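Structures are listed in the sections that come next.
Presented sequentially are two complexes of subunit A, the first with subunit B as partner and the second with subunit C.
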Partner chain A sequence: MKYFLSPRVGVCVLAALLLLFPIVFSDAFYRDIGVTFLLAAISASAWNIVGGYAGQVSVGHSMFFGLGAYTPLLFYTLWGWPPLAGVPIGMLLAIGLAVVIGMPTFRLTGHYFSMATIAVAELIRIFTGTWSLVGGAIGLQGPAVARGWWDLTFRSELPYYYIFLAVLAVVLLTTAAVERRRFGFYLQAIKASERAARSLGVPVRLTKLNALALSAAFTSAAGSLYVIKTGFIDPDSAFGILISVQMLIVAALGGAGTLFGPLIGALILVPLQTAANTWFGGGGSGLTFIIYGGIIVLIARFEPGGLCDLWRRFATRIWRRAHAA
Partner chain B sequence: MLLEAQGVTKAFGDFWAVAGADLAVEEGEIVGLIGPNGAGKSTFFNCLAGDMQPTSGRILFNGVDVTRASPEAHARAGIGRTFQVPATFEDMSVLDNVTVGAFLRHPQRNDAREHARRIVEMTGLRPEQAGRSLGTPGRKRLGIARVLATEPRLLLLDEALAGLTPRELQEAIALVRRIHESGVTIVIVEHIMEVIMTLTRRVLVFNQGRVIASGTPEEVVRDDAVIEAYLGRGARSHSRASGNP
Partner chain C sequence: MVLLQVIVGGLLLGAIYALFSSGLTLIWGMMNFINFAHGEFVMLGMYVALLAVLYLGGGVIGFGAAAALVLFLLGIVIYLALIRHVLRGPMLSQILSTFGLALLLRYSAFYIFSANFVSLPQTSLAGTLKVGGIFLPVAQLVAGAVAVALTLALHFLLTRTNVGSRLLAVAEDRSAAMLMGIRPDRMQALAWGLSAGAAGIAGALMATAYPWSPSVGETFGLIAFVTVALGGFGSVLGSLYAGLIIGLIEAISAFWLGAIYKDIVVYGLFVALLWFRPQGLMGKA
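So, the complex of A and B:
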């Protein structure tokens, strides 16, 4: 029982399962679900840094995702650069945008940050749809045929799966490092009480800004991964509000402010979405919104701490019983 | 002089919560601030801690003007504060709560952890206990422990001992005394006269945003203006007639 509940064993088992998944399930359909799951986990883990740990709920994170998605294809379209070259530039642009948004909004308290993120994401979406340089409403297309390995255009889902898995590992390892350091302690203190954190010398605005910048960089990387795999982007699939909402819900379902919460959220939500799309086909396109709405209500009403919190309580109870026996 | 507040005022629209308050605290003192509810002492206290900026006046800490400085800057300068309603970091353990404060002077995690452990031990808390599971006495104690971890020269205690049972109160008084003996200067806002009488040598009495009396605890409880402020105008003559303060 002791070993079963040990976090280290849990992490090893999870890593093994993720590594073996595309080998055990070699069907393209399952591998595609695996890739979608990883992308959702990366995006939600990135959101989690600022939304979960720091408690600054962004509902417009698609702006960073979209920047990361558009930049590689824009450079490819303009100068024929491999999309991979645009990834770090997209991340830098996302950091710049995070600073521009965070500087004024983090001066305010309450929900202004959330409102500002929605507004900026929507403005960018509308603007992108009318800007011919980035393809307007039609969007941009990547290389149809790979010119070399650096274009990262593969027929199989398998290389994408392992690339995405590697990026997820980087995001999670970074988050774990953040959790253990002063930065992580400060984020949690800010989430609990900004006033108290400030009285202990925590530089609240700077810490929130750093969290947003880090989160934006990873979200941008997620957008780049998405576009490298699909080879196409348009304003709605880059900056649509549903993308932001999905990050938020995946993290909240699993447990916002926990390391593996977003992973667990993605593990439940992605198959659920795929199943809904399969069962209802094109007629069920609005079902995603209903699922999201339902999950928000359930989390808010019954488990604000998400499934990780539920598991922690359950594990503690079992641990105590095992100890008492 | 460690702390000097000169003619501090704080207005909310037409209402003057603090209407020209002065305070001077020497290093090593324990000074009490008392007054009836709504007297303006909490607002004045918030101005001292950097939580509010005064409308006018000056606050000097160790000779440096901190009137417009942020709460973070106050903490860095060596001014620590507790809150009337303890703002515990609920999802963090006691040790983690205190570690947040310890990071101010010990940026490395291991150093901060070690320093936090010493403070937790000194305040008699259980390091691994979750913040959310603490009762009122534990939360008050944690509030003090957390600010102590920032190694303040001046500690502002805002009703840090309110809501405790008599036994808990005695323990808390002993804790404040130990903190003072370790060299920390203390300004304490408190309603419980036992705390003021036991701990302080000098008391300032607030009423309607002004300091109406100051002196030793024994002096201020006999002061006519203080009796009137607490009990109303009729109380002064009654007090004289009966010979009681």
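So, the complex of A and C:
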């Protein structure tokens, strides 16, 4: 019995389910939900590295997402590069932006970083809307018809699903590796108490900066994936505040600072969102965001550890009761 | 002459920025807490003013007082129901709490009032004055003057009165204040009430002169951040100067570069401040 509950078995079962999902549910509607779920999980897991593990809450991660989304299409529009070629450049740009924001704000503690991220994301969003090179408010369009497989423009959802799944695996494996290394312990020390961490010799600024850069690179990759699938981007769907909100809420709902928290958050939130959109009609209807706001407030007030933490407490209680009997 | 007109207009708007930013800086200074929903308080103040004019009648003083009172009570309720509980929690829940609150308030306003721009029906403040070749709408003039007066009043409340001393005592050292017979929870609730009330009345003042929609809260929230960062966190007088400066910069950049670029200039200023002088103009290092 104990063997079946061990985390390793759980991970294997989860991986098998994710691999089999689009084969069992071959309907395009379900596959599309699957792809949306994977994208939400990738972005939230990327956010989780700096927002969850390091405890530096970014409320403007859409800037990295947007950079990753715009760069491939910009190079496609300018020189006809396949979108895939722009992905690493987008990641490098995101890392550069992370350094620019992290350098000044990580000297200070607390809310400065959050305030700076929301302001920079807004700055970039408004600026993109006025810059004609990147299409202004209209945005940019990718290749409509694939010139070859390297354009990654497919009619079916299936290839996207497995590409996204592979990227999610990379992000989660990286996070798991971070968790076990000195870097990960530094992050947790900083989250617990920055002053204590510094006094123990943790290079606080550098560690926070590295976490932000890693998180930014993955978030940028998520943006690239999004744009490769949809083939279209505009300032609001790249840099909009709701992109940042989505990462924040998915990670916080599942459990910020845990490996599988963002995955669990996406597993609950994405189907909920799809259902809400079908019931209330219209994507991005106001009601969805009222509910989002309500969920965020409730998490903050009652369960800052998210569902993972709730489950852990619940499981411990059951375990104790079973042993006491 | 046009430039002079732009400058005066910017300063009058800046006075209102100063008023609602002083509310944000009060919370920051007192409990080291950033309220992401502060802009939404301003937005709610505008709608309360609108509802008061539509359903209660009464003049400027009437709907101004209504907005101040409703938001004052809302601030206290939010403190007691939410903020008090997250203050001692992890940073994540502190930021999530007001961030979620901002979304909740903003989209509830969208849901109830729709996304259309509205403005107050014609009030007694209609008309313009012509002074020395520039036109001054009476509504803007009154709103700006009242905003400056109220910001100064808040400053004097904090620095010259008994209540102010108690508020600052709690800010300085919670447990020492408790030993002196001050109840920190009451003082912090009062601070939230004052902060939200200042935002509400600023919203009501702004509503007399400018049209608005539910999305203005986001812009005002960011402007309050910039103002507080420029004026120094926790300094009401600093936010008065900073608000005027921001209003001026915004008006001039809108005039020279075009209306779209004014936000870019203001947010750019914020980023530059965080780089070069994070403690603000008047803040202590």
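Methods note: the second predicted complex is superposed on the first by the 315 of 325 C-alpha atoms of A that agree within 3 Å, B and C clash if a C-alpha of one lies under 4 Å from a C-alpha of the other, contacts with A are read in each partner's own complex, and residues count from 1 in each chain.
One rule holds in what follows: a contact is a pair of C-beta atoms (placed from the backbone, for glycine too) under 8 Å apart; a residue touches a chain by one contact, two chains touch by 3 or more.
Since the model is a prediction, treat every value here as computed from it, not as a measurement.
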**Message:** After the superposition on A, what does A:Ala300 contact: first (subunit B), second (subunit C), both or neither?
**Reply:** second
**Message:** In the overlaid three-chain picture, which partner chain does A:Ala197 touch, first (subunit B) or second (subunit C), both, or neither?
**Reply:** first
**Asked** Who does A:Leu108 touch here: subunit B (first), subunit C (second), both, or neither?
**Response** second
**Message:** Touch test for A:Thr278: subunit B only (first), subunit C only (second), both, or neither?
**Reply:** neither
**Message:** With both complexes overlaid on chain A, does A:Thr230 touch subunit B (first), subunit C (second), both or neither?
**Reply:** neither
**Message:** In this superposition, which partner touches a larger number of subunit A residues, subunit B or subunit C?
**Reply:** C
**Request:** For A:Ser156, decide between first (touching subunit B), second (touching subunit C), both and neither.
**Result:** neither
**Request:** Would you sort A:Tyr186 into first (subunit B), second (subunit C), both or neither based on which partner it touches?
**Result:** first
**Intersection of subunit A interface sets (partners subunit B, subunit C)** = 191
**Message:** Give the list of subunit C residues in touch with subunit A in this complex.
**Reply:** 32-34, 36, 82, 85-86, 89-97, 99-108, 110-111, 218, 222, 225-226, 229, 260-261, 263-264, 267-268, 270-271, 274-276, 278
**Prompt:** What residues on subunit A touch subunit C, complex-wise?
**Reply:** 51-52, 55, 57, 59, 103-105, 107-108, 110-112, 114-116, 118-120, 122-123, 126-127, 129-130, 191, 241, 245, 248, 252, 256, 286-287, 289-290, 292-301, 304
**Asked** Of all residues in subunit B, which touch subunit A in the complex?
**Response** 49, 51, 70-72, 74-76, 80-81, 83, 87-92, 96, 99-101, 103-104, 107, 109, 112, 146-147, 149-150
**Complete:** subunit A contacts subunit B in the complex at 180-182, 185-186, 188-189, 191-193, 195-204, 257
